[in-house]
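In what comes next, subunit A is part of two complexes: it sits with subunit B in the first one and with subunit C in the second one.
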Partner chain A sequence: MDTLETTALEIGTTVDARGLSCPMPIVRTAQAIKTVASGALIEILATDPGSLKDFTAWCRSTGNELVEQTVDGPVYRFVIRRK
Partner chain B sequence: MTLTAERPTNAGPAIDAIAEAIAAAEPQPAVPPEDEVKNRDLVLIWYSGDLEKTWASLILATTAAASGINTRIFITFWGLQVFVKDEVRITGETWMQKMLSFMQRPGISHRKLSKMNFLGLGPWMMGVLSKKYGVAKPKELLEAAQALGVEFMPCQMTMDMFGLKREDMIDGLGEPVGAATVIELLNNGAASLFI
Partner chain C sequence: MDEPINLVLFSGTDDKLQAAAVLTAGAAALGKPVNVFLQYWALDAFRRERIDRDHGLAPEAGAEGKDHVDALRTAGQASWAETLRQAKDLGAVDIQACSLSMDLLGIEETDLDPLVDGVEGVTAFYLNAGAGQVVFI
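Moving on to the complex of A and B:
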């Protein structure tokens, strides 16, 4: 797994949703993405296995772009670009 | 509609002009811009006062609002008891209204399970499990819903029938409304859930 590409990119803010269950990773992300400019990236760390499907669906609903998703042991990492 | 086949710069057959006119008159399929997401509104008709339904409803409402969906909750019948302030114990004016609130304690933190309540053992176990698995409590979800702009519409009729006053209810609720307001939202195409 290679996360070098996006760690080098500008991450506007990070949402640490590790240990949180549905729907809080999405709720926290929706609140956090409002704090960055359009086109900026945010990073989400989560441990909820449901978040794999949920973040893809959430991006389709909101029009934000899921730039990257990676798994590191129990932690899922998502990078989303605000539309 | 009038078709003018005269084209001063081109002496081609008149049929070209007619074909052009037909093409222009045909309705063009509306192609939304690619990055434009059109979401339907969501209306929850929240009738239940049970703990598990309160929980599930708030999870759906917060997620919908977080997904950019205009989310409204019409609170009616037992659902209204969820939105009475936790510290208010007895509500109503008449002895019957007071009895109802006495028999079923209002407030979001005092909800009972519809099954396996066991004098509060069930809700207590749910609380312990939710903490262990990082599940947000209903009260926390309610705060998130309000922060995300979910609109709460209490039912005027039920408030009157239960003798509930605005000062009994939590802050941030909208104006009490009736069924016609909800029906209009549904008629306008909002997705709906009856809980």
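Moving on to the complex of A and C:
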């Protein structure tokens, strides 16, 4: 849990996509990442079950780095570093 | 990633338009250009006066399917029109009305919702599609 807390300090923007269905978690993330500088971290909270594969694929395709991926009950949490 | 995704929308029911809007927004989020070509009943649903109405569901939905769709709406799912608006904010999404369908349905360009960028024929659609995939919904 140490890494999570350390990362939390560096996160500038959180996208709360809980309760949103596909593709809105990705859409909101794509919008939000444009608002932060290269190298900055954004955090996403989502409940859409497709999120795990979608965020992995989105990061691979866009070149942004998926730094963390955790599951807490029904909530998926991702931390992404803008390329 | 540069070849566009090309969606031909024919059906005008809310479920098929929702599926098309999801595909559009997903592609836009990946940075893929999307060309949307509106024909027949899909075009009819993009009339300014009708876009926010209930357009029903495909016949295979049945009563049980309608319950599922309604539940997702009640839970706050964005409408297909709103999903397309967000997709257009996000990326290169171009929505064109099929000129033949405009004639067929007696629609003028001013009758269409601002989501629609213009009117074109099938030749222009194919030209813009390039080597990208074409999906018919």
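The rule is short, and it goes like this: the second predicted complex is superposed on the first by the 74 of 83 C-alpha atoms of A that agree within 3 Å, B and C clash if a C-alpha of one lies under 4 Å from a C-alpha of the other, contacts with A are read in each partner's own complex, and residues count from 1 in each chain.
Criterion: a residue touches a chain if its C-beta (ideal position, glycine included) is under 8 Å from a C-beta of that chain, and two chains touch if they have at least 3 such contacts.
Every value quoted in this text rests on a predicted model; they were computed, and no experiment measured them.
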item	value
Contacts of A:83 with subunit B and subunit C, given as first, second, both or neither	first
Which superposed partner A:23 touches (first subunit B, second subunit C, both, neither)	both
Partner, of subunit C and subunit B, that touches more residues belonging to subunit A	B
Contacts of A:38 with subunit B and subunit C, given as first, second, both or neither	neither
Footprint overlap on subunit A, comparing subunit B with subunit C	19-24, 26-27, 29-31, 58, 61-62
Residues of subunit C defined as touching subunit A within the complex	1, 22, 25-26, 28-31, 72, 75-78, 83, 86-87, 89-91
For the subunit B and subunit A complex, residues of the former touching the latter	35-37, 39, 59, 62-63, 65-69, 133-136, 141, 144, 147-148
Complex interface listing, subunit A residues touching subunit C	19-24, 26-27, 29-31, 58, 61-62
Parts of subunit A lying in touch with subunit B, wherever the complex brings them together	19-24, 26-27, 29-31, 48, 58, 60-63, 83
